[in-house]
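A short worksheet on the structure shown next.
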């Protein structure tokens, strides 16, 4: 924990819904952040918990000036004390609290799926409940930082990308833009640690069930399937940002699996090359060209493993052509680059702080 | 699965409460048992589940003639079809179903704690609810097979020992009987896999919490503490069986820990030697002398590991004297010798079958 | 362990190379087998180890009459005592010991890859050393039991299939035969527990490296790639057995991954349907029609998980059509159906014992 | 990673032996440290490795100005560029490199055991090789920071405490000083993650062996046994520092266990209270009184779990009296407070930086 910066010099932020895994991760990241501090921990639970009782690992490690007692979510109090709020809430609660926070001038980074899909109807079908704040869908910037940097910088509301879609998008966008892979041929075979399913105990996530196990789930019908499709369509065919999105259709099959590990996502992505001239050298060069300037994306000569990215904000990528198929392997930590790390990366931009600060 | 014996030659038994981990283990053991078959799967759940839906690993593996559909617990039907019932029920339900089954001539092996503690008052304090069948406490035989073989053979009701107490008793009884360790000095530092906590999902057993974790719990106040005390007092000071129990007091501190594994118990037991002459050779010889005749207890030259006993009905033991302390390490599979395996071992005796059959 | 059959009534077999994981698994399976017993444990190590020192879990559990001391591999002694030998040896050693055993009338089930690939040149390219017993390649029967039953029954030498190829073949052969999937479109994304890599300690399999990790390896160049191709070509286009193999080409991309679990293989297989009429109902019906008669293959309504098949000889399958793609999920235990279990299944047939005996 | 401080403002340090787990941990800690930077990575391997090839997770994350190429260990070059060196070397190599570094004015924090035991004869017995730099034993300060702060501040050479001894000492010293526990009655039953055994692959640490396993090892004869004894004798009976050490004897039995986790140590410590008046309130108060001022030691109302301290520099403690026994549970991360974290804590003091900086 840095003791350099005086508290007053740090930008105060709120975390709403801090008792889940993304909340914990945010608290730990911000406790080390030289330019940001937690000024409000807002919980919907009654009574509001002490965060260091909820997570005993935070005892004595909350960062300077952070109160362990969570508070009820009070928009005025948040606006008074904070310039930005991270929402680690259920989707419905995110739609409830975003409008009053924006109205009070508080910037929002929403880690739920509430503002990720531009089309409310698509959202409602995927998530099974009505979208109650369609008005702000236009305003929301999809925060895939590496491809939306300028828009994020000016955003009031950032929809932080889903964990699986982040890897898929970073792996595929450059190859799609360069026309190296056939858009209709993409198969994303992905695997995630159990923290991706949240902190609530469930029968299939009970230790004796999830341990020494591995399974496919939501085969072709997972909620992240439409988000991946939108992201690839938005960013995969033109220049950066939404305005460039074409009318091209793109269909990607997404099959997630559950790994017996705490965290991390590894995606093995298959696609048909668009011509016989597409070889390993070309797909690797394509990724390198795009990502050599990026601090949080590394293109490797060999395939990354899950462990290589755990507890970092990195995505590591490797592409090759083998047996007439393009195979891209991508890895990230679902709680960092796939959630709280990317959220801080976006918040840094929104607050005028160096993008990599604290990460 | 044996196809040798015709179904009719096998002894029909019931399993009540088959949807927990001890139930699953029993089904798998009995499916391979050459002399026993499951003739009744009784569940209190409404509607009664299909066992191969509950446990998809049983699909096609139930054993000949076993119906996948569980039935409501019907004492008459059980008595009509079965000679013995294994009770894998909650303690309260075990006390409810045992009397009517015994009344109908069905022998009972109870895997709950209902009949383990002879003193109903001790039971009520440890388990926090009234004992509703104190009448049968006298009748129940505590089924620590190696020390109660003859009584088990004649028993109508066997209280199958707890998982932790089984290892502790087998490790300590010979040393106590031989007067090699001080009864008041015993410390049992034990560790168990998560299956010991049952199949219900709980926050602390959620995979991301229990994984990569290790913790002490119930320090000195665990429910198995009085059972261990009773077992050591009953068997530790005289000849076999309860009648030999002395009035000696014995206090053992029991500290269980939760391991990030599915199954298995390892106990590291500390006790003061009664004299300077008690050395490694004497404690090992003492254990070997007692257990050389036992099929399911192995005394080793080196300390056993958890993995050495997984999915076996064995207890492996090693004792030594080091730094003026007797240290015994004992291992078992909590679901086999610590539950369903020992239950079958007892049932074999009760039914006149060779003790090791099917194990 | 069965005590029914007298030792003399059991068929004596040898295990050569019993100190690896497939050897251990064979010993444990045969110890419970009512019709087979281990009469020779042959090790190339000097001095030959005691098997219960090598695997302390075998102490007191070797089965009746089994000597714990391994012996040097002596073909005459094996022929004198055994009717069949399981070879759990390195590929090169398997090619060395098979001819003298066959010459002495000992049947052989070879668990190495030595006799799996019919073409010695393909073998040499995949395994990087010369094939030193090409003469017996013709004689070897590829022991994918469900599709080679009759040939196995009459075989002197069975090449036991590889762990990954077993699942892939059982999942795909019926769909290929029925013309439901495009042969050139198959992608096999597979994941295996670490025991599949053998018992020798290696840096990437060191616990702190493999734990909490997941990685793709041998992408498109794994040794099982040609075996899978051969198996699908042999069995995927006609009636049972090799003689039916067409000249059709078939290319399947095989991408294995390493799971942080001890054992088990889960394969998620992608293929293009051959027409718009191929839907979930048709692919499931196709699998069911083929496997309803098979004891060791189960077709499920939902996707199997790894845990559902651990320590069983089962393959569980589920197929569906989603997003215009056929997705088949298959699971097996790599050490049982993927190795020692299928080896016993084959040996049962070769010895005239009921196929499922002891499994 | 902080981008605030200019490189020149950070204190340059060397890490010798960076390719093990403590080296990796140091690199990651220092990359986030606002006042320290790695200016030399010295490896004895030929050719010297690239650290981001050795640990792919470091790619792009080494910290500003850090060269990925390790260099041969050159004392002059180190002295020219660095003010302090962390030695993550084998014991023998630490004794070889420490004298020339000290001679050139480079401060040393040695993470090996080379300088921990004041008595070279005790060292030689425990570690099985000669002590080749006994001259510096007097000079070395045993860096149990919380009890040696002032001596560390002035030290040129700090012997960083062992992982197990750190927890045991912090748990027991206040209780011993207060006379609440009997010195001759201490039993330390400890468990560690596999990273504590180092990065070299070994048969018993092969994933399929260590996974789902738990075992006691080095029972009463572990190398940390004499270090624990020395530490308790030095700090347990008087004021701070070595000079206060009495001639009292103290014997503690130390029994470590191997956990199937990557990292973390949990110790469950048993001791006899010195009087009937020693109860839970008194032992807890004793610990709280000592540690309320300490940033890296937390005394909790309930027992800490391993997970509560992972990847933190904390030791969490809880003490109670139950069944007439004092039971203390203590937890730390073996690679942080048990190694690299405490090393940085000590280095901060030696370099005049705030003790908690970067931790």
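When the chains are written out, they are named A, B, C and D in that same order, and each has its own residue count from 1.
Simple rule for what comes next: a residue touches a chain if its C-beta (ideal position, glycine included) is under 8 Å from a C-beta of that chain, and two chains touch if they have at least 3 such contacts.
All of these numbers come straight from a predicted model, not from anything done at the bench.
Chain pairs A-C and A-B differ in how many C-beta pairs are in contact, and the one with more is A-C.
Taking each chain's centre as the mean of its C-alpha atoms, the one that lies farthest from the centre of chain A is B.
Note: centroid distance chain A to chain D, computed from Cα atoms, is 36 Å. Each chain gets one centre point, the mean of its Cα atoms, and the points for chain A and chain B are 47 Å apart.
Chain A and chain C have CA centres that are 41 Å apart. Contact of a single residue of chain A with at least two other chains is seen at positions 193, 212, 260-262, 304-305, 307, 310.
Every residue of chain B that touches chain A in the complex is listed here, in rising order: 21, 193-195, 199-203, 205-208, 210-212, 260-263.
Those residues of chain C lying in contact with chain A across their complex are 187, 189, 191, 193, 209, 212-217, 219-221, 225, 251, 253, 255, 257, 259-262, 264, 266, 268, 270, 303-307, 310, 320, 322-325, 327, 329.
Partner chain A is touched in their complex by these residues of chain D: 1-5, 32, 34, 56-57, 59-61, 212, 295-296, 298, 300, 304-305, 307-312, 314, 316, 354, 356-357, 359.
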